[in-house]
Amino acid sequence: MPNVSNAPALRLTDIRKEFSGLVAIENCSLAIEAGEIVALVGDNGAGKSTLVKIIAGVHPPTAGTIEFAGKTVQPTTDANRNDVEVVYQDLALADQQPVYMNLFLGREKIKRPLGLLDRRGMIDEAQALVSQLDVRIPSVTATIRDLSGGQRQGVAIARAFHWAKRIVLLDEPTAALGVAETARVEEIIKTLRTQNLAILIISHSLDQVFRLADRICVLRRGSQVGIRRTAETDKNEIVSMITGLA
Amino acid sequence: MTIRLTTAIATGLVLFSGSAAAETVGPGGEEATPSATITVSDSDAETLRERGATAALLWHTSADFVNAVTDGATDEFERLGIEVVATTDAGFDAARQRSDIETALTLEPDIIIALPLDPVTSAEAFSEAAEAGVSLVFLSNLPSGYVHGEDYAAIVTDDLFQMGKQAADALAAAMGEEGQVAWIYHDADYYVTNQRDNAFMTTIINDYPNIEVVAEEGLADPARAEEIANALLLRYPDLDGIYVTWAQPAEGVIAALRANGNDHTRVVTLDLSEPVALDMVQGGNVAAIVADEAYELGRAMAAVGANDLLGNAMPPFIVAPAITVTADNVAEGWTISLHRDAPESVLNAAQ
Amino acid sequence: MDGVHRLLDRVDVRQNVVYVGFLVIFLFFSVTLWDTGFLSSRNLINIVLQTAPATVMAVGLVFVLSAGEIDLSFGSIVAVAALVGAVVMQEASALVGIAAALAAGCVIGAINGAFVAFLRLPSFLVTLATMGLFAGVARTLTDLRSIPITNEAFAGFFGSGSLFGIPSLVLWTVAVVALGHLVYRHTTFGAHVVATGDNAAAARACRVKVTRIRLSVLVLSGACAALAGLLYAGRIQGARYTLGEADLMIVIAAVIVGGTKLNGGKGSIIGALFGSLLMGMLNNGLILMGLSVSQQLIVRGLIILAAVAISLREPAR
């Protein structure tokens, strides 16, 4: 019996994914500990998004195993869905709804006797969550449409954080943001680490990767090139791994 | 379709006394009274003018015909010092008619003139008015179960059977009383057109053994008349005559004939319309238009309402005559039917 | 003072156009028609009675639009359901007739829903087609004949009956609007409907059953149309193939003027109620003013144009 409590939050072993005979991912093996931030880097078409989707349960892998805290799982089944939360590039937020309704979308709180929406309860819980992560928005009743890009990103991350039991996946979280907002969002991401979640970030900004990540996993053309500790490598090495040019 | 034909024959038998000289009778077999006999005496007129009564006109649609009836009614009302306080258009919707009646009753009119959309559903709609003792004058149709004298003053109608019959006579004459005709009828549950269409059919069957009805086409949307006519002409290129249920779709039929370069098929229709009359006057396909005296209808309805208000007994079923309009009498046709001048284009072409 | 500010912040002017418009028009008619009985309780109740079927249809349409779809067929469903109910009631009890009518509405709604939710065909085109299809069905159901309804129980329940002096149609309006509002604003279903219309991909990512939502709102619209058909049948003590024919534009206008977005995402049941009442009040007032039919149409069109323009104009960003 594996020692479950010491097992990493997420472990991928020899993951392979084919789409109609085309190999999208192969020989990917990665382990992420709780409280660790791992960056996933690689050029366009390297397979980063595909890997994230496999972890999130959108596609099943063609071969290989996935373990959450030592237990082999099929992320595509409902039972394991709550272990992983994803913050998509387009954020998956309903523009015309207030922040708190977005935070609870699909998982709304209801009041006992009639099963009606518990808006007050959701507002309070949302308020606590937003304060905890220091997401700076005017109010949890503000409409998403009225928030800036960085604020929306904060809301999306807060949602993932609130519901994720083990793993949070972020796809290019600051790609569309300016300098100040990027810094704000990075603060929020660092807070996630203190909550004992395993975090995987796709980023094309090596500066950001070196600011945030503990380890870096490099993919090239669907193949895993290698994993390095951030402290033990530098940008040049990572770039040469991404491009394949020494 | 068989239902329609059976109705036609049944109607013919009811309204027909077996010969070509048909007598129109009311829905309950009532004898017809000519509208010209319905008048308001001078002393009655004086009484009414002093009284200052009110009336409401609750129509089923908006059309030239309705406008002419309205003109006839309002002119007569004006003469009698009766104010028209409300006018409505139910758009052929029975429920809308109910609402219109309800709303109009808020103004407490003394007289209501209306065309009940269908006997079944209008009974409930007009019940409030009947109970309130308003003088009800119905155009052409009667709510089921209504009693003359108690619930309503009279039914006034254009001579629907006569119109259909005159159309048949005119078309037969233009065809030399022999040949093939197509019958384009109104495919909807609307008493006025149903009666007229069926009367045409009955007359052809009974009076003109050498004329064969080769096609029956139902039409619900007047905009589709041209398509229907084209299909007909494709199947029967030697068609001698076409009956079209009323003038608006007839315009489409004429267009189809022109597009086909057809100048031998004769067309007959009901209700005056400028384009149709123009074709007729210029020697086109249209042989005749049968029109009712709409203005006279309106006048008679107003007169009935006024009389009923004063407590004068009114006959149950009053009929306004129909007139066959041909190229020869087109100017009078407009004056007699609609009480206005024929359109310029028609008058100019007629000269 | 702070509370007032917060209230004003939350009040979206565009959403509330219908209430302001309703008030303005009501005041206008109250003044110009003060001597005609416009303000009589009889007339005001009449307005509610006359708009009851449209209001019920509007409630269903709010759900459909909010989910990002549209239903153009509800007018035809009204006729089919009313005729089905009337025909069934000739042989069976009122309860069976009512159930048959509602079932007919749900079935047609489900047909719409199948094409839209499962086959992902555009709801505009699907319901445009079924609108015509079922208008034809309504005509052939009784070969254009109107069917009288003589069932006493039905007349009481849907027609001129009343409870504690309140006409049954008023009670129906209140009940449907209250229930609709409750479900729309205070249940998970309502929240999911709105989210689906706002951003279906986001809703799906959050595990909202989007397909089921789309199917449900179209069935709901069919059921509301069927109920409206029963209300109409009660009004005229019969069923006719023309029922509901003229309602399409009026109901859509009422819903949009009432603050529900055409593209989905945000809507208002109460707004739709007032939109419907506004339309009914307009018809009523213009008739009482003695305007000719043409004048009524023009004025009504202008007022609706103004209301729609104000409620749909996007605020300057």
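Remarks
Note that the chains take the letters A, B and C in the order they are written out, and that residue 1 is the start of every chain.
As a working rule, contacts are C-beta pairs under 8 Å (C-beta built on N, C-alpha and C of every residue); 3 or more make two chains touch, one makes a residue touch a chain.
Since we're looking at a predicted model, the values are computed, not measured.
The minimum number of touch steps linking subunit A to subunit C comes to 1. Of all the chains, the one whose CA centre sits at the greatest distance from that of subunit B is A.
Once CA atoms are averaged chain by chain and compared with the all-protein CA average, the nearest chain turns out to be C.
Rounded to a whole number, the gap between the C-alpha centres of subunit A and subunit C is 44 angstrom. If each chain is reduced to the centroid of its CA atoms, subunit A and subunit B end up 76 Å from each other. Between the Cα centres of subunit B and subunit C there is a gap of 35 Å. Residues 81, 86, 88, 90-97, 101, 105-108, 110, 115-117, 141 of subunit A touch subunit C in their complex. Taken in their complex, subunit C has these residues touching subunit B: 36-38, 40, 42-43, 46, 49-50, 53, 139, 143-148, 159, 232, 235-243, 245-246, 283-284, 287-288, 290-294.
Subunit B makes touch with subunit C in their complex at residues 3, 59, 62, 84-89, 91-96, 98-100, 102-104, 106-108, 117-125, 144, 187-189, 220. Listing the residues of subunit C that touch subunit A in their complex gives 10, 182, 185-188, 190-192, 194-195, 198-199, 201-203, 205-208, 261, 265-266.
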